[in-house]
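Going by the order they are written in, the chains are A, B, C and D; count residues from 1 in each one.
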Amino acid sequence: MTDKPFSKSILTRRSMLKGAAGVTAGAGALLLNGTAPMTFTRDAWAAQFRNDPGNNPTVKFGFNVPQTGPYADEGADELRAYLLAVKHLNGEGDGGMLNTMKPLSLKGNGILGKKVDFVTGDTQTKSDAARASAKRMIEKDGVTMFSGGSSSGVAIAVQSLAQEMGVVFMCGLTHSNDTTGKDRRRYGFRHFFNAYQSGAALGPVLKDEMGTERRAYHLTADYTWGWSQEESIKNTTEGLGWETVNTVKTPVGAGDFSQYITPVLNSGADVLILNHYGKDMVNSLTQAVQFGLRDKQVNGKNFEIVVPLFSRLMAQGAGDNIKGILGSTNWNWTLQDEGSKAFVKSFGQEYGFPPSQAAHTCYVQTLLYANACEMAGTFYPPEVIKALEGFNFDGMGNGPTLYRAEDHQCIKDVLVVRGNANPSSQFDLLEVVQQVPRSQVDFSPTLFGGELGPYEV
Amino acid sequence: MDSFLLQILNGLDKGGAYALIALGLTLIFGTLGVVNFAHGALFMLGAFCAVSLQKLLTLSVKVKDESITFFEAYKEVPYLEQWFGQTGTTIIEYSVPLSILFSIPIMLAIGLIMERGLIKHFYKRTHAEQILVTFGLAIVLQEIIKACFGANPIPQTPPEFLTGSANLGAWLGMGDNLVYPWWRLVYLAFAGMLISAVFAFLNYTTFGMVVRAGMQDRETVELLGINIDRRFTIVFGLAAVVTGLAGVMYTPILPPDYHIGMDFLVLSFVVVVVGGMGSLRGAVAAGFLLGILQSFASMNAVKSILPGIDQIIIYLVAVIILLVRPRGLMGRKGVMEA
Amino acid sequence: MSILSVNNVNKSFAGLKALNQVNLEVEEGSVHAIIGPNGAGKSTLLNCFVGRLIPDTGTVNFLGQSLLGITPHAINQAGVARVFQTPEIFGDLTLLENVKIPTLAKRDGAFSLRAWSRIDQDSLVTDKAEHILEDVGLIEKRDILAGSLSRGDKRRLELAMCLVQDPKLLLLDEPTAGMSRADTNNTIDLLKRIGERGITKIVIEHDMHVVFSLATKVSVLAQGTVIAEGAPEDMKGDPRVQEAYLGGAHL
Amino acid sequence: MTKQPTARNDLLLMAVFTLAILTMPIWAAPFGAGYPDLLQKFAIYGLFAVGFNILFGLTGYLSFGHAAFLGVGSYTAVWSFKLLSMNVIPAVIFGMMTSGLFALLIGYVSLRRSGIYFSILTLAFAQMSYNLAYSVLTPITNGETGLQLAIGDARILDNMFASEAATAIPATNLFGIEMSGYPGFYFCAALLIIGFYIALRITRSPLGTILKAIKSNQNRMNYTGLNTRPYTLTAFVISGMYAGLAGCLLAVTDPLAGAERMQWTASGEVVLMTILGGVGTLLGPVLGAGIIKYFENIFSSYNDQVLHGIFAFLPDPIENVLVAITGLFVGDGWHLTLGALFMVIVIFLPGGVIEGFTRLYSWVRAKVKQDAGGNSVNNGKSQPQSAE
């Protein structure tokens, strides 16, 4: 890991192509930089993109995950998955999902004959820190692709950086409609599902379990992801015939939610929907249960709580309070398809516990990018992007999946889960109620607007 | 009417928590004059005393789940349950109340060590240096906890009979919706008791009187041949215990993680300053005032008129109070004004 | 002509009468000592001259202008400087800087934005500051931090900070309090030399030695009221004064 | 004896500082910090800290809300990019103006109190700004995601001269020179040098001396004929504008403005930078900013693989032990190292890193003197503490 700060193209390719102005300005930098002008002399298009591995025996990936802050545990799990993916790509270990992925262009000898190397960074779950870390990977370490993240704000911020810099970003955990909606980017890809799909998947299950005459009360984290989820769930439930009693925004990181929970008691609502994630969700759910909401009878029905987006780590934090609560998730380790089994097996053998949904998504994203390079026969981003766009694959844990070309959203099965009332082990926290087929959670790519932007930057 | 009463209860409950945290800080910051940015860390350590005891009590036999072959999945049966049956289960159930006893000596020791080992040397240093060293300490403590317990919140449950809600409405004849969680009522009562105890200690014991005199005029007290240093150490320990207990008791309401202290740090400073530097009464009053105002600002009726008011109410009130009353609610002149 | 005239000033704190119908005329060029036992209201009276306290009733006029409700810095700008009982100086600054601050205040007014010129190249200010430091005998210490001075030196520095402004009226609150006999005598000499500049001075003092060395006029304050007034020699034997001190200093 | 730095000392200091900043890409490279983004961050946060020090270092007023001005500067700059032009000049001008105005308002109210009460007032204002920017002000700030550029932005000035509609989001530029990468760093560096020079001039000016006097003794100030309030307000607004400029530059080099820039932790960060480097010194805040940003970006990137690479020359068992131990302090443990560093510095070097240099310097000088057999060797011109 020696630093060769000046062997990388210091001037952006963009500014080089824009002509003299950029070169004069960069004169100071040029003095320090022997190789930058060389990019002109190479004639092949493939040589003109940022961080071209060229003749290096390795290709470098950047794994940008929260290592500090509230999502540090999730970030650690993501990092484990990435390391595993790198191992499998390089032909080490048991190969994991490389054995189940279809169609597969990868050969288990790295990518296009190059071994995969990686660098890591800390997003701190802050847009600024995440972008700074990503820029380090791009500018200093010379990564060809970077991936990671545990929140939509970070994903969107980093994704737009990817577009500016011309380096592909494979999103980690991000659930907001905006990521592949109004803030979609040509250089960003999302495997994770979105809030709309959560609503679409939960709808029929909610109808089966709770009927069509319900009165819902929303508590919503007061930022873009929360609003986007509230809207999606509201549309779904109102489509079922439910009435929305109230939607209340709560400050992020409020800690004590009691002042928002007590009004629910008198509202006449019989369902509480918590549009919270992470710590907020752990706290609001714990406190809602303490207020006895789940023991209540309203309108002759049992009071229910729904948490539209679940993760196993959150379930751990909420302890017993999660039992019996309905929600949706991208993936769960108890799935019995070949891909999931292969992944859980290699992850479990490597680390001694099952992977989280964030780990799964990060693992799959790495493999998908690698496979696209192999398909395209180059690391040149526009070609890789084209290979990923409209890519149909299977054997990665969510059934047959399409990487949609129009918005870079994966369309695949979504899981509706319930907090396990009777876990058989410390990891068995969520039981899968239904694997909702992808046809049911499909949506028009134009639904949320947005523009991908150009291939060439 | 119900909702109004409930918000008052919420406010009192929140206020109790704020007051307890601020009480510890006001002893350290308002009276010893140390800008202690590690105060949140004391709260966090208290909460993790409860977590540690729970982990200790639930040390378990691991019964392997044979259906899973890739890694060790197991059901945990705590030794206590295995050895003592029902009694063991009950002991585990009472982990949080037991933590009170468990945490007092630990927090006292932490407080004493912190004061003797570090803070003592910083009484005469500038506030800037106090901030840097205590903030550094807070980060270090936090990271140690993270290394031991991870970053994820760890759920804590109160004893079975305190898990549900008290049906206040039925007692008062006011309808079914006036319910309030038992544990929050317990917290409120506990906060009241602890605050009274601290007041009684400082007001009615010789020790307390000497300390209060020393806070007013350190030199004179020292001239009387009293070793005020040692007493300040004990006050620091006391503050650590009070703050730690606030943390222990709060765990069933807010599953603790390593960052919980930082979340309360700013708030605790605001409460102390709004209450007025050097005033214990002020800190308690400000805690309850801010708690209640925050609860009311979160009511839908209020929010529909002033959107976002619940996000800023604490700070808005702080600004108004400090502009109307230059030294907070009950501050003493000349404390930390320069 | 009187430079400061105080008419029927009253001031109470929480019902306690600190000043009771005080009348005082300070002649221009005089050294006017205000003496009296502890708690007589001397410092309270002084605070009414500098804008720290506002009298409940009555008037305080400086050169015909009312001082009531005027901020301390504006009163200073009008020409009133003050020396405190415990020297108030800028401990973190060098002696030279200490003296430059009042020089700047005198020259540039209560607020001016000279953010670009170098203060060490401002020869006008530097010369004046060095000159006054020489006057009070502190010039060798010009570059050390004021906080490290002895109490006597601090007092001299504070005097220098006041004198550099060429005030019309100088208020001295126990200028020799806590000083050794030698330091006291030095200070008296210094004050006498200042006297040659013709600055009007009001001195609050316990030390009768100082009073009789300096004052041209003495007012005796007791229980918030002026009970006697006159030349120092006349005051020496006045029975009212002796009674007021009640076994205090024997005059 | 406190030696007063002369104009010549200062000229030398400026020359050395300018040289050090401009050659940073060269000498920072061996430390793994020689890439544009981190260099930009060094310059930007250095500027932020220099400005903060004008308030805190000189007047002693500890603001815990300076991040608000950073945020306001960023938002204004991005809006200027969106509405007016991708040229950075209007962005910088408007950013400094709005943050200055904002500082004037907040300062006017907050400076009615001093000491801790002032700190809490500024903290409260900043937290209100942050909370509102994060939620109800989303139409202006784009909430959690942060304000970003879009292809369809108005860019009135640019579009007056543009021949065709943009197909991609244009880059921020200075009359055609793109402000990413090294040009962006040199732009920030130039502003840092200018900002540093202004701070130096202010410190040496009558204003600077008066501000220091306010810190030293407010009571004496009142009776010295100087009205302290406008002076402190001036310092507050100046340092607010520095913060605003730093915010602008964050947006210039990376056109995105997020609410988290205004959070109290961001305000706290600049306080820590200043104290870590040395309150009231000129160079200290720049150093402090550099140290903290270095830890955040470089220490956090060391993972076990990197460590194994570093210790590869050792026998395996020793290598593994060393990796295990150092692994605690880097990667996800970088916070721990930073916290420990804060404590070590303040315990052993009251006065910050600059104090360390000063001590080292006097130690070396004493040593040299000794070696020279008592002959006084005065090489005071190159002394590092000419910063003070």
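Following the convention adopted for this analysis, contacts are C-beta pairs under 8 Å (C-beta built on N, C-alpha and C of every residue); 3 or more make two chains touch, one makes a residue touch a chain.
Quantities reported herein were computed from a predicted structural model and do not represent experimental measurements.
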- Task: Starting at subunit B, find the fewest moves between touching chains needed to arrive at subunit C.
- Result: 2
- What chain lies farthest away from subunit B once each centre is taken as the mean of the Cα atoms? C
- Please find which chain has its CA centre nearest to the centre of all protein CA atoms in view. D
- Roughly how far is subunit B from subunit D, going centre to centre by Cα mean, in whole Å? 34
- Note on the structure: Cα centroid separation, subunit A vs subunit B, in Å, comes to 36
- If you average the Cα atoms of subunit C and of subunit D to get two centres, how far apart are those centres in Å? 45
- Message: Two or more other chains touching the same residue: where does that happen in subunit A?
- Response: 72, 76, 222, 249, 251
- Task: List, in ascending order, every residue of subunit C touching at least 2 other chains.
- Result: none
- Multi-partner residues of subunit B (at least 2 other chains): 308, 311
- Query: What are all the chain pairs that meet the touch criterion?
  - Reply: A-B, A-D, B-D, C-D
- Item | In the complex with subunit D, residue positions of subunit B that touch it | 35, 118, 121, 125-129, 131-133, 135-140, 142-144, 147, 262, 266, 269-270, 273-274, 277, 307-308, 311-312, 315-316, 318-319, 322-323, 326-328, 336-338
- Would you mind writing out the residues of subunit D in touch with subunit A in their complex? 22, 25-26, 29-30, 32, 34-38, 41, 131, 134-136, 138, 142-146, 148, 151, 167-169, 171, 174-178, 180-183, 186, 250, 254, 256, 258, 260-261, 296-298, 300-301, 303, 305-306, 309-310, 331-332, 334-335
- Would you pull the subunit D residues touching subunit B in the complex into a rising list? 56, 60, 62, 109, 112-117, 120-121, 123-125, 127-128, 131-132, 134-136, 218, 264-265, 268, 271-272, 274-276, 279, 328, 333, 335-336, 338-343, 345-347, 350
- Message: Help me check something: in the complex, which residues belonging to subunit B touch subunit A?
- Response: 2-3, 6-7, 9-11, 13-14, 17, 65, 67-68, 70-76, 146, 150-157, 163-165, 177, 179-181, 183-184, 252-255, 257, 259, 263-264, 294-295, 298-300, 303, 308, 310-311
- Parts of subunit C lying in touch with subunit D, wherever the complex brings them together: 50, 71-74, 76-77, 81-82, 84, 88-94, 96-97, 100-102, 104-106, 108-122, 125, 143-145, 161, 165
